[in-house]
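Pasting the structures in now, so scroll down.
One chain, chain A, appears in both complexes that follow, with chain B as partner in the first and chain C in the second.
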Partner chain A sequence: MNAIKQIWLKEIKEELYTWKSMVWLVVTAFLFSFTTYLLLTNKELSLLDQTELLFLLSQIIIGVGLLIITIDASSIITSEFEKETAESLFLSPIKIKDFILGKFLASFTLWVLIFIIATPYITVSSAGSNLVLPFLGYVLFLGSLGVSAFIFLNFAISLLYRSSKNTLTTSLIVLLLLAIPAFLSSTFKNNTLGSFLGKVNPIDNIFGFLDNVLVDYHTRLIDNWQFFVPVIIFFALMLLFLIYAVRVFKRRGLIQKEL
Partner chain B sequence: MNNIISAKNITKSYGPQLAVDNLTLEIKEGEFFGFLGPNGAGKTTTIRMLTGILKPSKGEISLQGQSQNGNNNNAGAIGVVPESRGFYEWMTGKEYLEFFAELYNVVDVEKTVSKLLNQVGLTSRANSTIKTYSRGMKQRLGLARALVNSPKILFLDEPTLGLDPQGQEDIQKLLKNLNQQGVTIFYSSHLLTEVSDLCTRIAIINRGSLVAEGSMAELQSQMSTPGQSLKDIFLSLTKE
Partner chain C sequence: MKKFYLLVLILSNMLVISYTSAQVVSSSLMLNILSSNELNGTAGDYVTVQAQIKNISTKPQSNIVTYLSLSDNDTKLPVDLEDWSAEKGQFIGSIDPNQTFPLNWKIHFVKAGSYSLTVIAIIEGNSRPEISTITHFTVLAKKNLNPAHVLPVALGTPIVVIIFLFLIASRRKVDY
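The block that comes next holds the complex of A and B.
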């Protein structure tokens, strides 16, 4: 437990000392301010129904969270290999499980901070409706599931490739492949392929879930199981992928080849 | 004295390439053991196998009677200055040692870190970030990290590389002192005078195989010309 805490604290301090996270958080705050300002003041956008406006805002919060966490998590493990700090670390009594958990907590903390920044925007935009709590709760819950799955994916690729460039490229491709269909037109979604992709795509289903909650007022989890199941399956698959990558890493060892 | 490090017929291969070939080493408790070899002879690979970072392809390793087979089960008893010299450059020297002391569950972190900083002469720069340290200071910090858990066995892979004569002298004094306190030292270096001055027993490897082993006097007696220096012995045993 102490090793997990030490790794988590080290990462948080590094993110603050190197201003990596601070830059992301400032960008996030700016982006949320700009979006909310547009939604509330733009002539055409301000005509949107409040529920539509909230749905749009929820998509932006989760989308921004997934993008930033994917970029951040792609280097959190690989930097230990690239900066040659891994050998000293693994010579200490640390277990790989503690190392991964500490790193996971650090990446997840960044998502929590993004959500905290988003909270005032959510509260202001939901004023007057009874959707504040479901909005906050479901954005946090679904965002956390999605973000965790993408952290697992990033960590698994990091352990297999041990290169931040390869990890970032692969993770961004996966994120884009999953995110693009969610923003495609309903015409595409209505054909057979589009309909199938929509049913299995986790990001599409996170947004479908939020649409059902915010626009159609189906706020209970049980009313949204058809959206929830693909998200949970994606989460479980990414966790299994990470477990597989850890096993491969253990088998290969820290040093892959040297003479 | 019991063998504190025991490696029996260890081999490490990377595909068709043989890095270490059927190497056997027995090191007794309290020894100052020198480990020599030309570049690419397999010294670092051997140290990585002995410290558990690398799993041998064949053979058995034990430290203090405990099996060491590509794991860090013996991490609490050993200290290592590895070949890779990566540091968390954004940390201060003090924070760096505190981080590792916490990982080793050291009881009094503050006292231990303060003592180590003093021991390696970094007290005045304890609160400076590592990125501002010279190469010599980083070497000394690496040595302090290796000592954070008060190890019984210390593995050093070229710890004085790139240090000026004063820096080398300081590290040698510190190592002599640690050895006198009972720490077993496994020392790999290219500085042959340093090795012959410090080590009670020396092993020389070439192309992954052991070519000579013994005290300085034993090594000299194995040679055709008596009274040769370690440099002459090393060159005659490792020349292509």
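The block that comes next holds the complex of A and C.
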């Protein structure tokens, strides 16, 4: 437990004590400000009902969170290999499980910070709609599930590739493959293939869940199980993929052997 | 002689009046907007313009096209109804004497302002269109988000984040 905490705190300090990392949070705040300003002033967007505006804002928050976490998590493990600090790290009595958990908590903390920045925007935009708490709760809950799954994916790819560039490229491709159809209009889902992909796509289901909560007022978890199940399955699959990647990593050893 | 001139004047006036009346009577269709009082709303609302066309002539009328005309009272310009999601013109094949037809257009209030609406009917072969009386209505601005709440957050949060991060960074020398 102490090892996990140490790795987590080390990563947090590295995140917060470098301008490069802090710029992400400032960019996030500006993105949310820009979005809410547009929702307020744009002629066409301001015609939408408040609930649809909230849904749009929730998509932006989750989308920005996934993008930033994907970029951050793709280098948090590989940097240890590229800076050649991995060897000394694993010579110390640190289990790989603690190493992964510490790194996971560090990446997850960045998502929590993004959510904290999003909180005032969520609160003011949903004022008067009785949706403040469901909006806050479900963005945190679904965002955490989605972000955790993407961190697992990134860590798995990191352990397999051991290269930031390859990990980042692969992770971004996966994120785009899942996010682009989710952001596209419903016309994409009019055919059988589009409809099927929409049902299994975790990002699509996160947005479907939020749409059901914020636009249709179905705020109970049980009313949204059809969206919730694919997200949980994706989360479990990514966790299994990470476990598989850890086993492969152990088998190959720190100094990589060709299998 | 004076009496004769007076008689000629009266007769000529009567002739003019009867000619003008004939012009009005020659109007073969009567158009009414029925939902005048229900048209006020807020930007973003969908409303239905309900109108009625009646053949007030003694012979059937055929090939009639009816459509809406909307103008912005503030800018004094016609409004592009395509933006307002209005349906296109409605075609009436034939309408018998004294027969009435309902006309409905669903429109989407896009922009706040004051507007004037008329229904126009064009009969094939006629050189003049038939037009309803003008209905005036107001579209109120839609305020989903309260600017007094949203703007301080939109402008203030990035500043608060920058100050917060600057304070954290100033506790320790920052790496670049």
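Side notes on the structure shown:
Just so it is clear, the second predicted complex is superposed on the first by the 256 of 259 C-alpha atoms of A that agree within 3 Å, B and C clash if a C-alpha of one lies under 4 Å from a C-alpha of the other, contacts with A are read in each partner's own complex, and residues count from 1 in each chain.
We take it that a residue touches a chain if its C-beta (ideal position, glycine included) is under 8 Å from a C-beta of that chain, and two chains touch if they have at least 3 such contacts.
Predicted, not measured: the structure shown is a model, and the values here were computed from it.
Under the clash rule set out above, the superposition-derived model of chain A with chain B and chain C shows the two partners fitting side by side.
Legend: residue contacts after superposition of the two complexes on their common chain; A:Q6 is shown touching chain B, with no touch to chain C.
When the shared chain is aligned, chain C comes close enough to touch A:Y37, but chain B does not. By the touch criterion stated above, A:D49 is placed in contact with chain C alone, chain B being left untouched. Contacts of A:T192 after superposition on the shared chain: neither chain B nor chain C is touched. Seen from the Cα centre of chain A, chain B and chain C lie 160° apart once the structures are superposed, a value rounded to the nearest 10. More residues of chain A are touched by C (comparison of chain B with chain C). Of the two partner chains placed by the overlay, chain B and chain C both lie in contact with A:T18. Per the superposed model, the minimal spacing between any CA atom of chain B and any CA atom of chain C is 6 Å.
Residues 17-18 of chain A lie at the contact with chain B in one complex and at the contact with chain C in the other. If you check the complex, the residues on chain A that touch chain C are 16-20, 22, 25-26, 28-30, 32-34, 36-37, 39-40, 43, 46-50, 53, 117, 120-121, 123-125, 127-128. Of all residues in chain C, those touching chain A in their complex are 43-44, 110-111, 142, 144-147, 149-151, 153-155, 157-158, 161-162, 165, 168-169, 172, 174-176. By the touch criterion stated above, chain B contacts chain A in their complex at residues 14, 17, 19, 40, 42, 44-45, 48, 51-55, 70, 72, 75-76, 78, 80, 82, 84-91, 95, 99-100, 102-105, 142, 145.
In the complex of the two chains, the chain A residues touching chain B come out as 2-3, 6, 10, 13-14, 17-18, 83-94, 253-255, 257-259.
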